[in-house]
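Shared chain: chain A. Partners: chain B in the first complex, chain C in the second.
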Partner chain A sequence: MTGISAIPPGLPLLLGALLLPLFGPRVRAILALGLPLLTLALAWQVADGTILRIPFLDYELEPVAGDRLSRLFGTIFAIAAFAGALFALNRARVIELAAGLACAGSAIGVTFAGDLITLVVFWEALALASTLVVWSAMTDQSYHASMRYILIHLLGGVLLMTGIIGHVADTGSVTFTTMALDSPAHWLILAGFLVNAGAPPLSAWLPDAYPEASPTGMVFLSAFTTKIAVYVLLRGFPGTEILIYLGLYMIFYGIVYALLENDMRRILAYSIVNQVGFMICGIGIGTEISMNGAASHAFTHIIYKALLLMSAGSVLYMTGKRKCTDLGGLFHSMPLTTTCAIIGALSISAFPLTSGFISKSMISQAAAGEHLALVWFLLTAGSAGVFLHAGVKFPWFVFFQKDSGLRPPDPPLNMRMAMIFFAFLCLAIGIWPAPLYDILPFPVDYVPYTRTHVVEMLQLLLFSGLAFFIMLPYMKRTPTITLDWDWFYRRLGPGVSSMMTPVINYWHTYTRIGFLRHLGTLLGTLFLYHGPQGILARTWATGSMVLWVVILLGLYLLAYYY
Partner chain B sequence: MKQHWLVRPGTIRLLWAVFLCVLALTVLASLITDVHAWFWLDGTFAFNAWYGFATCIGMVVFAKLIGRLLHRKDTYYDRN
Partner chain C sequence: MLSAHLPALQVVVPLVSAPVCLLLRNPRHAWAFALAVSWVTLAVAINLAVQVHASGTASYALGAWAVPWGIEYRVDMASVLMILIITTIGAIVMPYSWRSIGHEIDKKHLQLFYTCYLLFLTGLLGIVVTGDAFNLFVFLEISSLSSYVLISLGSGRRALTAALQYLVMGTIGATFILIGIGLLYMMTGTLNMADLSQRLPVNADSRTIRVAFAFVTVGVSIKLALFPLHLWLPNAYTYAPSVVSAFIAATATKTGIYILLRFFFTVFGISFSFEAMHVGEILMLLASAAILITSLVAVFQDNVKRMLAYSSIGHIGYIILGIGLATTAGVTAGMVHLFNHAIIKGSLFLAMGCIFLRLGSVELSDMHGIARQMPWTMAAFVTGGLSLIGIPLTAGFISKWYLVNAVLNVGYWPLAVLILVSSLLGLIYIWRVVETAYFQMPGYKIRKLSEAPAALLVPTWLLIGTNLYFGVNAGLVTGIAGQGAAVLIGQGVP
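So, the complex of A and B:
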């Protein structure tokens, strides 16, 4: 144990977040911006290996354990917390700011957890903190959405905890290592992780809950919950084949649902599932380059998705509107927000010179390298689809299309600064990827900017853009939602239970009446024979008793004689 | 009200012309790339161009079909 590096990097942020409401606005601002930077510094103090061990019951906890992967995720979570806090400063409720920073602290706690017990503690803290972020929008919808959100996440937590108990019973060790799908316990752990990733069938919690958060809250939410799942899958289940197919499903689910969606922040929520699908697919492939691809894509994704959500949040904050059918033409009065949204949209589409280009292509490259033909063709189609649903659709319907007549100005200074910061990072990483490549889990032997790759990507994206504008008449937004798996627990379950109520009532009433009637008959019979006047309760004369004894003894004698 | 230059019909026509030129250029650029086909289909001429276009049309059509089945009014869940 060596001094400062033995402090769990997430802990000051988590505890500091809880103290935030005690201070006035000035100190609060210093804490909200300072704590993430402190966390970043602490994360880089953690050397490779287990730094801190604490005996607990029969086990040994490792709350501070580091390697390249944990430092990479620790870094991006701290940066996301800083930018999220800057964006939310003085705009969000104190409880939301505190909960958002607590999310970051818990996520970083998971990142540096060397054992499964520490992991599950921070995992559950993240679930609680993120529920609070949704809830703190303080609307009826956000309250109900936050309750549905926590139910799903508690279910995920139970799956995870059950799996961990099974794993410890099987192996006797709580250390978090790579696991194979060779026992029910490991399947349960995988399921628990996948709930947080937004994998099917429980993916609907994400587009259900996130868009109900406040304009600033969704920026926090987008960064941590799904990406911590990517982190634990990278560490726990690399090369697990089923992840390839789950990832591909998520990619196309995200695209199709986003294409059908009208709410701008739900479009971006579906697009989170889509992007996490690319990462999960990369983890499933499991080679060094695909793992690097998944890890770096998580890093760049956190930045450009937060940027997209900041621009959408700015629009919502300034106009109070969130549906594409109510928006349009905002480029007139929100030039900075429009520019930042376009930079974010180009990054998510992996346009050359933006951050997505240097990360996502590693995953496709890995699929080709492993000769996974179908996977490669689907990933390529998925990349085209990203440009369709997020790259063009989001900026087009919000900032261009028809003129809605709305003329809100760009948002306040701190929101603008947060957007400029992340737009800068999107471009900087895209133009100069070396610093990111240097901190990836495996050595990088990949050159993104070759003539062929750039031309191929431009062809793919620009022709997707052409397809978008040709199909535009078919993409007219309608005030509709698209049913998802959550229909089963939001409509079918309650529907069936309310339909069953009269049936059960009927059954209950009639069985009760029948039962009481039979009970009455039984009691009557008993009373008849055993009651005070009953035949079996009468008093018997001594003489008749002696007579019966004599008869019985006589019969006995006869029986004995013969 | 004076129209913003970006939404004038003339500008939009110009933007389409530029866009189509750029598209043509990217297709022509296929001639100068070293095609390294991993599978046979991706070795076809300007593969990414036609494949991106075709799959996008496919995805929009597929989404429309799914939408027919699964679209509901956005107040669907409000009547709780």
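So, the complex of A and C:
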């Protein structure tokens, strides 16, 4: 009730982001680094329960409401904002830095929103801010990507909004509580949430937009939009069975496309979809351990994905190249970046003693505990796939492989510090998971480092690593041409992928072209009738207008007279 | 003493001022005078609102003639909402008008403009205040005739044809209303609305009354531009001077909707209108068509004022949709949007007026990159646009919330989806402007432009400010609208 804890923790960041462009570089640096820390402090001020109530219409808004889950996500968002700002400091455009902080502020606003209206306000702010981050790369591609990005997200926002109004009409309450899929309103809310998570059928916005952001911008983007969806799903729809299958789909969608991709940051973008798939699957299982797993996996994923993107961003920043085939051999001159990338890659692969290990295994464990044999099997196969595309492929092609001849130095100091900070966190959490386990939403009695867990994981990783290097000779033959669909089935030879690729390729082109053609026809028809010269829009002769009056009056009279 | 005469003052002040304004030779004096009158009417309106809120419906017998025989001015909460809309928009638009209208029309027409403006104001206020059906027709004619003149003052020759078309259509509408009133008079022998509602149930099942109902409905539908009788509106809004577009868009069709409310709920009564005549279903059907079709049309427009005009027809559809539900929640939603749409569309047209002043055009193809030269104007447009779409923290959000809520209360899911789809379309047409103004490279012509003067920006932002204020603190509007709806619905029950 008292002053300081009634400040919505996201507010200082949002306001600071608005004011940021007004200051000079020095104040800006202080603000960009100080505000996330202030937010972190504020987030931990928020006690359990609703702290602030504001009457609005016939309802009561709860802009500040805390519990363990909110604090967990508030903490990681603040940390991500701090590291992101450190990485971007003095390198990014001011507008990008401001937008990145605004992303963090609105995401934190969502985590402490106790009611659905506050949630929607911050939700839309996040969509707007993240669009600006994409846009501020200031290239033609980023401009078009940002347009597509905002359209998808506003669509999601409208779905969400309609669902919320329906929910309020049904229940008379705006409080954000657990929902079951028992009404159209709740389906709409779920759909709105899932758009942000990058769930099918709209997964493509993520790998489409993120890699077009600047090297620094993508670090911001990776942290908030999808993870805020994980947060609201954890709170709103735990144990919703459909989420298990959506999650599994996302896991394999991410793997297949990442394996086919050549752009290093797009590989990592696909891998975001893949990792969020694990979390969503965990939410769908809905037991305490799987929820803990999903929440902690979101926490650790933000850190190691940001770390991976920082290393990829450093490479892009120093070399200006983004395709795997143009890079290679960078470990000679960028030892620190290489080390950090490897730590991130090991974490995402859930290698023991890294942060990924102590979080992801909880989800698999939950599937096993619930006797969901198929789910457990697919999750395990998915883990192997992660190691293939993110754990080995990314660092191998960028930093080792053949020597591209590039000899860029490690990036500037602030970028190095941000990477070291997150690499340290990856290892620290992996070696000493107790502090993280202590702040999870449910009490943890899971022990990650048992012999079976470790042996099982190592086996999995070693064998998939082996598979990668066995196939390596095939991959090595094409150092100069762009990795593309046709290359894949011409060169890689027989195997699962060669059977898959034409199918995916065909499906991809067919649906895409078919979709575009139908869209074209639809727009053409609409334009024919609604365009400036269309019958519905052109200027009518007065006589025709009067004709309508006569028709309408006639109909009324006919209806009423008899 | 004076407070007892407030209902009369509300109309008499602008009425008497109009000829005085014509006598002032100096245009600047005419403007200052009209400005003063606008502010006085706003002050009267606020006092009247407070009075009605405190002591209930105010009834005023004009010339002290006893009520069923003499003309009665009757102000309830529904009227109060309308009075506030009209006078607020008037008071904000007037300071704006000097620079804007001075730029767009001939100097020698300026007094004429301000005189017509005052007459228009008189007409609208009269319609809202009067409790007499024939008196309503008279004020309708005053407002219509003056609005034809105001539109015809627009620069460009198409303003004349637009005004002429509006004149023909408006006259037909007014005639239909008059025929309806005449038939009612024939059956009941009274013109006082309250009296009519008392006597009508006795005659309710006669064909004459049904025909009267049909004529009034169609007549008013023309005035409020209900699809498919909206065809006069796009040209009228597009080619009128900027100030006139803003003022008419915010008030004229709204007053039409008020007439509809009065006749359906007060005169004919809710059970006759909505149960016997099934007008609710018809209205909802036409409103749905309006919402969808005009939003689509708006997406393809190149002229921004024209786009806003089509969007207005769609938003009138929202209001009518709420009214067509004939529930307290529905009518409340309609009336809330009545107010909110007035301030949204008013501010958007004012922003376009700023652009027209500097650029001399509101075609999208001329506006590439204009946000760099006119950041405040475009920021106002974007904020107003967000409100039009219904983004939280804006007035438009409150409207949409109430409307979707009212629709879902009676379980019409498809209509909720319709509102959703059309707000997406709204997003697209506002986005087209944003994209052109912010993301295109400015041409040579644009680069020479400077920001609009404060005389235009301040009123524009004032109206934008009300948008944001009523988006956060909507209690005042929803309170008045709720009470107005309760009065209207309650009156219908015998």
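Here is the rule we go by: the second predicted complex is superposed on the first by the 472 of 562 C-alpha atoms of A that agree within 3 Å, B and C clash if a C-alpha of one lies under 4 Å from a C-alpha of the other, contacts with A are read in each partner's own complex, and residues count from 1 in each chain.
In this section, a contact is a pair of C-beta atoms (placed from the backbone, for glycine too) under 8 Å apart; a residue touches a chain by one contact, two chains touch by 3 or more.
Computed from a prediction, not measured in an experiment: that's the story for all the values here.
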Contact-wise, after the overlay, does A:467 reach chain B, chain C, both or neither (first, second, both, neither)? first
Report for A:26: first if it touches chain B alone, second if chain C alone, otherwise both or neither. neither
In the overlay, answer first, second, both or neither for which of chain B and chain C A:549 touches. second
Applying the document's definition of touch, where does A:259 land relative to chain B and chain C: first, second, both, or neither? first
Partner chain in contact with A:459 - chain B first, chain C second, else both or neither: first
Is A:385 in contact with chain B, with chain C, with both, or with neither (first, second, both, neither)? first
First (chain B), second (chain C), both or neither touched by A:376: first
Once the two structures are fitted together, what part of chain A is touched by chain B and by chain C alike? none
Parts of chain C lying in touch with chain A, wherever the complex brings them together: 164-165, 168-169, 172, 176, 207, 210-211, 213-215, 217-218, 221-222, 228-229, 231-232, 234-235, 277, 282, 293, 296-297, 299-302, 310, 391-393, 398, 400-401, 404-405, 408-409, 413, 416-417, 419-420, 423-424, 427, 435, 439, 472, 474-475, 478
In the complex formed with chain A, which residues of chain B make contact? 4, 6-7, 19, 22-23, 26-27, 29-30, 32-36, 38-39, 41-42, 46-53, 55-60, 62-64, 66-67, 70-74, 76-77, 80
Across the complex, what residues on chain A touch chain C? 56-57, 117, 120-121, 124, 143, 147, 154-155, 158-159, 161-162, 165-166, 168-170, 184, 526-527, 530-532, 534, 536-537, 539-540, 542, 544-546, 548-549, 552-553, 556-557, 559-561
So in the complex, the part of chain A that touches chain B is made up of which residues? 144, 252, 255-256, 259-260, 262-263, 323, 329, 331-332, 368, 371, 373, 376-377, 380-381, 384-385, 388, 403, 451-452, 455-468, 470-471, 474-475, 478-484, 490-491
